[in-house]
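Same chain, two partners: chain A is paired with chain B first, then with chain C.
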Partner chain A sequence: MAAEGKAIDALGQFELSTVLGPIGAAVGFTQSNLHMVIAAGLIVALMVYGMRPAAMVPGRLQSLAEAAYGFIDDMVVAQVGEEGRRFFPFVFTLFMFILFGNMLGLFPYAFTYTSHISLTFTLALMVFVLITAVSIALHGRKFLGYFFPEGAPVWLAPIIIPVEIVSYLSRPISLSIRLFANMVAGHVMLKVFATFVVMLAGLGAIGPFVSIMPLAINVALVGFEVLVAFLQAYVFAILTCIYLHDAVHLH
Partner chain B sequence: MVDERDAFSKRLADARAKRGLDRPAGGRGELPSGAWGIGFRAGVEVVSALIVGVGLGLLLDRWLGTWPWLFLVFFVLGAAAGVLNVYRLFNPRFGARKG
Partner chain C sequence: MPQLDFSNPLMTSKLVWLVIIFGVLYFVLKSYALPRVASVLEERAGRIKADLDAARDAQAAGEAALAELRAATAAAKAEAQAAIATAMQEAQKKAAAEAEAINARLTAQVAEAEARVAAARDAAMGALRSVAGETAMAMLGRLGVSAPANDVTAAVDRAATQGGR
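This part shows the complex of A and B:
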């Protein structure tokens, strides 16, 4: 499909189409939603079935579940502090949802829902609303002091305050763009090199030999994408923690 | 006596933990620190601050009918905020006067 008409269709993979036949079409249930449901199901299955034995010496699934739990628990406590524990469910859900979305997207025929800015921005907006609500709830009016660092000369206020506000508002945007851009870039590269394999293979006698090069690149890229998939979920979670720390402690 | 000292150190540790002072060194440095990672993050920070600045400027202009003045002002503010974001990327404790 990609090499049809000797054109590289790198963005077609991000198009949404409805699934589940007429029912899906009626409610606008796309393959993106389907993959979100699958990811949520897999996460729940991992935690429920993984922890069902609750063995002293964990099996494979149980150690995976425990490792994920411990990883995020350590991160939240290290970044936010002891009282940050109450945000653990939120950060853990975010991390697992993004991680599973990124990883699921690497399977053939799968769809990467984190490659849509509508989804990443919604997640980032949830984080943004949460950190704002938490800092207002904890600090009340002192929250406004966030936009004017103590000790700065008062005559600079007309410059500092708008800049700080814009900087604060840019948090959800940078959070969402980072995840979205990484996933899109990775999948476009995979698609482009995969198209090269097909196109070069059609070059007559030498084709099969030349097309090994983009194939080798793609093998390396898939490994790299696994790394990026984990890293971006991690970055999203740790930045959420850093923002939560700022919200709880106001610097 | 010993009891009292222990109680004090416990309270001190609790207070420090509560204030988030006992975070392990390099807590923020755990972010990926490769050259590409830093460069990409810096770029994203600048672009997103500019998006917010330009977006706010355009919205306010449309609301108040002052095109293009607020747009120009907020464009500069967005650029400044972008630079501030990048600065914070490397000096995360900026503006932390009271811990």
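This part shows the complex of A and C:
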């Protein structure tokens, strides 16, 4: 099918391009960054405009803002403990930034900035630097004990220490690849089935009827993608919390 | 895959912008938006706690008032019963005293009446003897028998005492 020049271009949607004309081109401001600004604007609008009434009995937007706040607050306190409260703004920003990025990407013509491994890896690297800095600041040299659990037989050290170091270093990688792969897979599938709809619709008389099938699949996929968009933001946030717990308590 | 095309200069500039945007978002949320949410939630929790405390206080006060009412009712009941008992006792005492007084008076009257009856009978009996003596003297005179008056009187007396009362 792809041979007749009507190739399925599933990856073109991830291509970067500059926006805002020559100014954007001069400072390398891409459509990815534009969507980040929109997401950040929406988050701030929700948290500031939504909370503006500051009512005793919250309205709809205020309830949403409070639910988001309470959701992450509960997560941080449950995973890290009471001393994890000071990481709450970071985890909240991270969660909302990823969630809004994922959700925004589901709109037609929108760009999904979380579908770039460079971006998810940068976020994961922030988490990695944070947990390492927190561990060292809180525990100093005892931080190295993290790689060799107390009570383990000494002769196992040559095995345990490399394994622990590898598992520690693979954290940002698994964290970033999980989010990136989920978003890319979802959007590629959406694009592929959407292209099927168009291609099958062109197959003469039966075309419109046959193309119902990929359309139905796409409708289901969009619902699924909404779930994935939330779930991946949640997974990113809760893994950050778990790593922070390790950093604060060392195992 | 465009995501892996790291030679693209936009890849680097995108990340620079990411750091800037994420940093600004973090700063705005941390220093402005989130404290506001926290204060609203805190205020609500405080308000709910205060209301609950007030309700608890009101309940305690109500229970205290109810207990007080019960105590007052019980005290009043006891007092009333005591008053009734005293009044009854007093009335009984009074009634007994009056009955006693009436009894005494009646006894006195009965005694007095009996005395009067006895006196009347004695008087009647005395009169009867003198009449009997005189009759006996007169009969003796008719019969022509003279007898000392004293003996006749003594005989009449004897007969009277033997005969009846």
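As a working rule, the second predicted complex is superposed on the first by the 247 of 251 C-alpha atoms of A that agree within 3 Å, B and C clash if a C-alpha of one lies under 4 Å from a C-alpha of the other, contacts with A are read in each partner's own complex, and residues count from 1 in each chain.
As a working rule, a residue touches a chain if its C-beta (ideal position, glycine included) is under 8 Å from a C-beta of that chain, and two chains touch if they have at least 3 such contacts.
Quick caveat: nothing in here was measured; it's all calculated off a predicted structure.
When the two structures are aligned on the shared chain, A:231 is found in touch with chain B, with no touch to chain C.
By the touch criterion defined above, A:161 reaches neither chain B nor chain C. In the superposition on chain A, A:80 makes contact with chain B only, while chain C stays out of contact range. When the shared chain is aligned, no partner comes close enough to touch A:210: not chain B, not chain C.
Of the two partner chains placed around the shared chain by superposition, neither chain B nor chain C is touched by A:61. Taking chain A as the reference, the larger set of touched residues comes from C, when chain B and chain C are compared.
Shared-chain residue A:29: touches chain C; no touch with chain B. Every residue of chain A that touches chain C in the complex is listed here, in rising order: 11-12, 14-18, 27-30, 32-33, 36-37, 40, 43-44, 47-48, 51, 54, 56, 62, 65-66, 69-70, 88-90, 92-93, 96-97, 113, 115-119, 122-123, 126, 180, 184. The residues of chain B lying in touch with chain A in their complex are 17-20, 22-24, 27-28, 30-32, 40-41, 44-45, 47-49, 51-53, 56, 74, 77-78, 80-82, 84-85, 88, 92-99.
Of all the residues in chain C, the ones that touch chain A in their complex are 1-4, 6, 8-19, 21-22, 24-26, 28-30, 32-34, 36-41, 43-44, 47.
By the touch criterion stated above, chain A contacts chain B in their complex at residues 78-83, 149-152, 159, 162-164, 166-167, 169-170, 173-174, 177-178, 181-182, 231, 235, 238-239, 242, 245, 248-249, 251.
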